[in-house]
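The same chain A turns up in both complexes below, where it pairs with chain B and then with chain C.
This part shows the complex of A and B:
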């Protein structure tokens, strides 16, 4: 098994009586690009802040490069790039100045040329003040600041939030620059599934603070299926099929969302229930995510790796 | 290198507030001192007198008697104002603008980030009161302008007033780091600062005054360090 760069064990956070993150057990192997998916208020930011030691878990622990999240040493922090939610930077600094400021914390690993190239690639000038930048431009500066030290692990909290499609694409291309450097690991939270589909090779799905899936993107896409079956006569009252997540009924149609159910089992169910016809509807990641985290019948029915 | 980068950034963030306090004190302190000398000439009697052999008055009397009584209230106001502004700028404003994540994820210990802020504020107070108050003291020592020169104790008392501003700064920092609601215990830091100010200004002996300042700074710093190390951002 490949080396684990980031690991959490039973990570739990309560804000008063509100449970934000519930026993999160997450492992991010070295060299992967992990999309950390969840709806708004699913607990993504809280989980990331706990991983980086900005929040103290109520229960559980996290570790990055084997170092406890609560006591990340300066040497370990130097190996981690972090893009904050909303790209909050010091407004009074110019881009050049914030680059110099950041460089001081990465002695021997900061790549001045890379930083300058990225700023130029994004069409920005080093003289521009951060406060005069739009959110999209701040995101670009934020990414350049995180990538220039060539970090071994890049953690990004909803980096494409609020960006238009063109800037999102540029941003993702910037991220790919990092991925091209061998052995680098990326964890990024998002609810823009198209972005995840484009760059991630692994996903972790968090819903209401609970980790509901952590596997390769391919495995998730294979596992979540939707079956649409139409009936002439009466529809079966009970749906007895392994891996059933949701069942929606209309007048003559049944829509089943299944997790981890192979086609042989679907065929077997069809033989028993005798629909007039049935089809396995193809879904993109966004559809799969929405179905998987839909707020009914919350059960983990699939054995993730 | 890392600490100096932090310190430079903090000093730059302190600069506008420091300059505002410096200009305020320079302007109004100079005007009050100058008008005191002019008034003396016009009225033909010493503007203020204070027997240097009897210095046993509480520290707050500085603002009421003596040749330096003119600029003293301005020093007090600028020190308190600077303390409040720097505390808010460094620890409240960062919270509102949510830059803590970017600021704290550095290859340094958290204490280095805290100390860079506190040291930059301390330097601001030193450069506010140190040169300006000495200039006022030196000017007030001109016999041709003022009948009675200020005693050297007044020079120290000016710096004590500046130290009071630093205590207000620490109280503001403590309040800024508190997660409590503003109407509950959040303002305890500022309340404690006010308590220390009252204690400081009611001392008759410089030694006790300095002891009260050191005790106040020590108590607040210990609490701030503990809070900052364990605070959730």
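This part shows the complex of A and C:
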């Protein structure tokens, strides 16, 4: 695996007795766009806040560019762009003012022209007050603020939540443009799997605070499969197949969700279990994600190259 | 060269495979000819708004299939189909896929000779587009 820009070790957070993030061991290699996926309340925001040192972990640690999350120096922070969930910006500031405010945190690397061009491209004016903007416009300002310092690592917490298709596309374009520059890395969480599929080449799946997958998108897409088998006579009581995640039974049908099981093994299972017929059902990323994070019988898919 | 690739997120076909498949088809139909240069990875990624690694992955698949070759520093070019080596296994696999189509056709009640006609006209369709394109040039 190439150089790791972001790493967590046993990162854990309890809120009272509620376990929000459970021993997260995540590695994000340089040069990728990593989609951080998880259902609502899976622990994504908590994990991100701990990575950035905004929240103290109960146990464990994180590091960005080799610097501990708890003690990120200004020099390291300067290399990181962060877009908060909901695009929280100071309402009383004008767009121009907030640009100058942000610039102060990125001495020597803030691109004034880039920021001004983006604001103009979005049809906004520097004089507009943030509080007068719509959620979509505020998101656009937030995107411009994140990209103008040309960060080496961009972390975005559900940046396209509630945005229309056109503004969502601008975020995707922004990520693609950034990643084209040498050595840039993006970590973003999202619930829109079609967006993730477009721009991410890596995904990390968190479920109930536990990291369940961290691998290339391609590997995930290849690994998660569904087999539907129908029987005339009796159905097998035990399903003996490697990589079985879920098994659903109906009267004459078995539905198996498999992880990392190749077609040869499926064939071998069919030869023994003798269904009348079976098929491998094609799934898109969303179906795969839903099946993968559906409760019961956890199977993990890890790969540290 | 204009980009004709159309991405459909949410499909059960991964995006790298969509890109590779559509370029293969364009080569088969003669929209892309021997020696034509594919768009640069970064350019195509920006236009389609997809990860550059996904485009690179698609190009690698095409290269492994012998459809294109990459010359360091100058780009990826469509190979001469005459130069593509195919072994018996490739031809067998193709014959098996044709069998699937034939079985389906016969099951639908289409007679063998009509199926053969269908094959012919579909193939002619591929060639025709190629000729039209040549005439335009």
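Everything below uses one rule, namely that the second predicted complex is superposed on the first by the 298 of 305 C-alpha atoms of A that agree within 3 Å, B and C clash if a C-alpha of one lies under 4 Å from a C-alpha of the other, contacts with A are read in each partner's own complex, and residues count from 1 in each chain.
We adopt the following convention: contacts are C-beta pairs under 8 Å (C-beta built on N, C-alpha and C of every residue); 3 or more make two chains touch, one makes a residue touch a chain.
Since the structure is predicted, the reported quantities are computational estimates derived from the model, not experimental observations.
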item: Fit-or-clash call for chain B and chain C when the two complexes are aligned on chain A; value: fit
item: Partner chain in contact with A:236 - chain B first, chain C second, else both or neither; value: neither
item: First (chain B), second (chain C), both or neither touched by A:198; value: second
item: Which of chain B and chain C A:29 touches, first, second, both or neither; value: neither
item: First, second, both or neither for A:92, with chain B first and chain C second; value: first
item: Partner chain in contact with A:162 - chain B first, chain C second, else both or neither; value: neither
item: Overlay on shared chain A, then closest C-alpha pair between chain B and chain C (Å); value: 27
item: Chain A contact footprint on chain C (complex, rising order); value: 7, 9-16, 42, 45-46, 49-54, 57
item: Residues of chain A that touch chain B when the two form their complex; value: 49, 52, 54-56, 74-75, 77-78, 80, 82, 84-86, 88-92, 100-101, 104-107, 157
item: Residue numbers on chain B that touch chain A, as the complex places them; value: 1-2, 4-5, 9, 12-13, 97-109, 230, 232-233
item: In the complex with chain C, residue positions of chain A that touch it; value: 32-33, 169, 172-173, 176-177, 179-180, 193-195, 197-201, 217-218, 221, 282-287
